[in-house]
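One structure is given below, encoded as structure tokens.
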């Protein structure tokens, strides 16, 4: 059932960051207070709307906004369980990152431009999450590329521009591949809404070649943003962007958009039976596994903190692809839970990296000696998140890896378990030295100017670190991402 | 037999003159060949029985274009007169040879093609207001073409107005030319007027008359007998735009108050056609004269 | 039909009035364009309700007289022409760099508008020769407005345009020799696939491709369009190049018999893919701003040629809609891109691309217009360019035998993304210190943004537009 | 070979010669003359068709008159443009020295 105003809620969620963003563009640099006000209004409004939608969905309301676009294919913004998980993750982390960015950019130039595009990015991410069919998803997928490019090249240095050009080459190529995949699917099977078990099952047998090619195109196009191995080249270089951009975008919004796209395509477009019948996920499974190991190995060799975290993201996001490719319900729960858990952990790590760079000018891993004494709270957050990434119980990482391992055994793919263990060891290999240097090594360079990160940087870091712990410890509660993932999987697999 | 001889002679002469024009070593000789080519072309038109065309070709094609070429030649004396080494473009040589068989294959069946139009022209000629079929087609059946064609002439003039022309240094009039001019100019005006009037019944018409008047004006200007009038002065501007303006206003008038766009009322067809022809020939005369002899001071927008 | 004629005569009378009174009043021209726009919209509605209308000029029924025919496509193009002229007229009136002060820009732009309207309405192959000649001459004259440095390019453009018209005229003579009629509908009934018709159509196609600068006969366009003044190059790229394309489409889809169309289809489609790749590659390497935008026109026309070729080859009429949707989207996007590029070039004072370094700080609105227009050229959803590409892709992807053509479209998209974002990336660099007399004209930049917003606004009416186009052009 | 066919071939020959000249020659004046020769070729083809022995065709003759005037005014503009371009080239050459 739906009331008069319910169709406009999804639109309101997208506009709640779009309109402030457009207004911020018009602000002059010195209008600092209005910019901060606009930002916070947008953030808080979006969170409230998301909460209202969550409550509504719980009571059985349907939220569906529809606008005619192509003949037979309207643009649809729809709030279902899967989209709400990603929307709430994005909104929550946008709140934290906005506060972090306001602190991070105090006094630096071009802030209006930055926060304008920053808000556009979030609108695109939220729109992508709420998309009701493939064409709407494609629309927001391409707009996300346009909105993130100015952020990558924000500093305007030669390195930033080179990273931006490479980023565009990859993501534009990915966008075009996705467009071809969507058009191919539309020419074969029109474009109905995302339906919980996929809508391509009846076409099996007639157009298998087209379906396979479309799947390959879509996965290649989405794989660029999901940083699957051959297509991940842009992520490490994009680390030249300022810390808030790396934190929200390259750890959460952009990378998760790719993974979320793969989830939508496998579950809501093709459906598990069709994918299994066409044997499509076998190569995807191997690719994800290889990416996990490759990402961790490359992370080991990086000396720059953000580069190491970037390769760690490349590896961690492939956990989600791995879980989806296993096609088992339990692995799916692991994948969906990891979508949230990885976001929380990686955002905390990037916040810490940003604080280290801003406060003590620490960019390389060797320079982290004795940081624990100089920046204790940030280092605690860093340690918690790093341990979570390694998969130490009871933190968030452990839970998703546990379900992924259990799911792999359920569909008798034991080698996946080996991959998870090896990856865990590699994670430890590149995170533990950083923790050791932080707490136990004596700091060779002199005392740095300030002891602890400024409040605007510290509080978001601690907030997300706390979330990492809470999400892990209270995983059994029905409000936790794990329970939510279970709810989505039950609906997708029709259990 | 002689019929065939004359035709083949003219045809071959045309082809030779054209080749000579293009590949003559000095620019001056190729211009002279070109004017010869134009005159020969006028003779061929007359030979083929198209008197209108012969007049038009002689006056506009060979005459005014030749004067323009001479003018262009005079302005920039050939500095280095080496033989024009054509660009060694292989495909530019092979392309026409490749197209030739296609063209010949297309032309062969043409002599037997269907021709419904001449019969219809004769049938409707009575209602067209003029007795000469070519003028009837030009100014009544396909008058829209003629209107657009007058616009083309206007565009050429507007184009010349935009160019940054270097001012020409006037030559003192050549005495023999002065003597000739006293006879030729009035004769040309008279002949043009006659052609204009005769256009309704026999070969002639606005363009041929306009061209003759233009040549008369050019002769007078060469002798400095005509003052240079600036474009800002309406006395030059209005006659130059007369042809297009009258035609367009008539078209709009027939559309708003008449039976339809460019539909001459049956009774007044002849008078209207004559009015349009007169306006057109005045316009064309002034425009062609300005195109040929237009000074920078006259044309500057 | 009367409103269509009003849409034609309004600019014509305005031009004559300006020439006769020798005054340079922009408002007269803008009012004439707006009147023409309103009349064109009325004619569009008439065509939607009552279908095609035709008018025998001078009261003489064809084949004797000339017949004007108002098809849905021509009504749409009339509206499109009037809209572009109003937009560019507003820009030229406001901008300081369009050389409209001491030249005949205003009467010439009205005459260009009238010539285009005459071309859209005409239905007679010889009348098309005269309108093509009109179009070519007025385009050359407007290129000359930019001063002596543009004369070389204008002269080459004029010579090639004359040669193209004569190719076309020879084709008309051959057709008239065989069938004895000049009206398109009568020709369509009588046309047979004999050698004369084949050669005639080939000659006409070569002439029209040369005038529309379709690859491989595009060599005159980059020099001419980049050296013309800003407002003129916008008009040339958006409208003048589309006139011969309209005739080419009508010739091949109406006059040419089926088997000739089927034979010619792949060649046209290959030329389209060639245009996409070669034009895109040249745009990618062009060092000057407007030269890059001009090459992008050559590249983007490849989509239209590809749609036309495949439509002829498979008799797939939905590709017609893709062709005309592309023409609309490309026209609006190209106007915005040229106006933005021209504004930046004259304000920053240099023609080179690297002078755009930091343009997002110095001229943010113009660079935003350039990027938004570029987005539509690439075909990013939900712009007009995306709608055209979507309609073009569907028949290609339907059966696996056609996938290589889809690959061509994909490569074209990638190359166009490359050359648009090459400029956008430069503009995000750090801004060089601007010269002291640097005062950007903000209102002119907003005007250059307007067409780009319109092409993205096409998404709001996209469904009705596509349904009407697929239904109307049959 | 009938008179019509002969003049058709002469017209086609002139058209080809003009096309060849336009593509090969470099000096603007010669290229303008080449275009004029192309035009005369087409008009020759049209006139040969207009005066076919069975029925002289006034419509085609009218078309040729229109074509001739169009060609002449276009040539006039081309020539003025050529000389203006030459003046520019000379002026830049003088400034260059």
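A, B, C and D label the chains in the order they appear, each numbered from 1.
In this text, a residue touches a chain if its C-beta (ideal position, glycine included) is under 8 Å from a C-beta of that chain, and two chains touch if they have at least 3 such contacts.
Protein identities per chain, from UniProt: A, C = Proton-conducting transporter membrane subunit; D = NADH-quinone oxidoreductase subunit K.
Because the structure is a prediction, the values reported are computed rather than measured.
K.L.:
Report the chain closest to the protein's overall CA mean, measuring from each chain's own CA mean.
P.N.:
C
K.L.:
Roughly how far is chain B from chain D, going centre to centre by Cα mean, in whole Å?
P.N.:
Roughly 12 Å separates the two chain centres.
K.L.:
Using the average of all C-alpha atoms in each chain as its centre, how far is it in Å between chain A and chain B?
P.N.:
Taking the mean C-alpha position of each chain, the two centres sit 74 Å apart.
K.L.:
Averaged over CA atoms, how far is the centre of chain A from the centre of chain D? Could you give it in whole Å?
P.N.:
The mean C-alpha positions of chain A and chain D differ by 68 Å.
K.L.:
Using mean CA coordinates as chain centres, what's the chain B-chain C distance in Å?
P.N.:
The answer is 31 Å.
K.L.:
By residue number and range, which residues of chain B touch two or more other chains?
P.N.:
Each of 103, 107, 110, 113, 115, 117, 121, 141-142, 145, 149, 152, 155-156, 159, 163-164 in chain B touches at least two other chains.
K.L.:
Specify, in ascending order, the residues of chain D that touch 2 or more different other chains.
P.N.:
Touching at least two other chains: 15, 18-19, 45, 49, 59, 63, 66, 70-71, 74, 77, 81-82, 84, 87-88.
K.L.:
What positions in chain A touch 2 or more of the other chains?
P.N.:
none
K.L.:
What chain pairs are in touch here?
P.N.:
A-C, B-C, B-D, C-D
K.L.:
Which positions of chain B touch chain C when the two form their complex?
P.N.:
Contact set of chain B toward chain C: 102-103, 105-107, 109-110, 113-117, 120-121, 124, 140-145, 148-149, 151-152, 154-156, 158-159, 161-164, 231-232, 234, 237-238, 241, 244-245, 248, 251-252, 255, 259-264, 301.
K.L.:
Given the complex with chain B, which residues does chain C contribute to the contact?
P.N.:
Interface residues on chain C, with respect to chain B: 2, 5, 9, 12-13, 16, 19-20, 22, 55, 57-60, 63-66, 102-104, 107-108, 111, 114-115, 118, 126-127, 130-131, 133-134, 137-138, 140-141, 144-145, 147-148, 151, 174, 177-181, 190, 194-196, 198-200, 202.
K.L.:
Could you pull out which chain D residues touch chain B in their complex?
P.N.:
So the residues of chain D touching chain B come out as 2-10, 12-21, 23-27, 29-30, 33-34, 36-37, 40, 43-45, 47-52, 54-59, 61-66, 68-77, 79-84, 86-88, 90.
K.L.:
Per the contact definition, I'd like the list of chain A residues that touch chain C in the complex.
P.N.:
68-71, 75, 110, 113, 135, 138-139, 142-143, 146, 149-150, 153, 156-157, 161, 164-165, 168-169, 172-173, 175-177, 179-180, 183-184, 186-188, 209-210
K.L.:
Could you pull out which chain B residues touch chain D in their complex?
P.N.:
Where chain B meets chain D, its residues are 3-4, 7-8, 11, 14-15, 18-19, 21-22, 27, 30-31, 34, 37-38, 41, 44-45, 48-50, 52-53, 56-57, 60-61, 64-65, 68-69, 71-73, 75-76, 84, 86-87, 89, 92-93, 95-96, 99-100, 103-104, 107-108, 110-111, 113, 115, 117-119, 121, 133-134, 136-138, 141-142, 145-146, 149, 152-153, 155-156, 159-160, 163-166, 205, 207, 284, 287-288, 291-292, 294.
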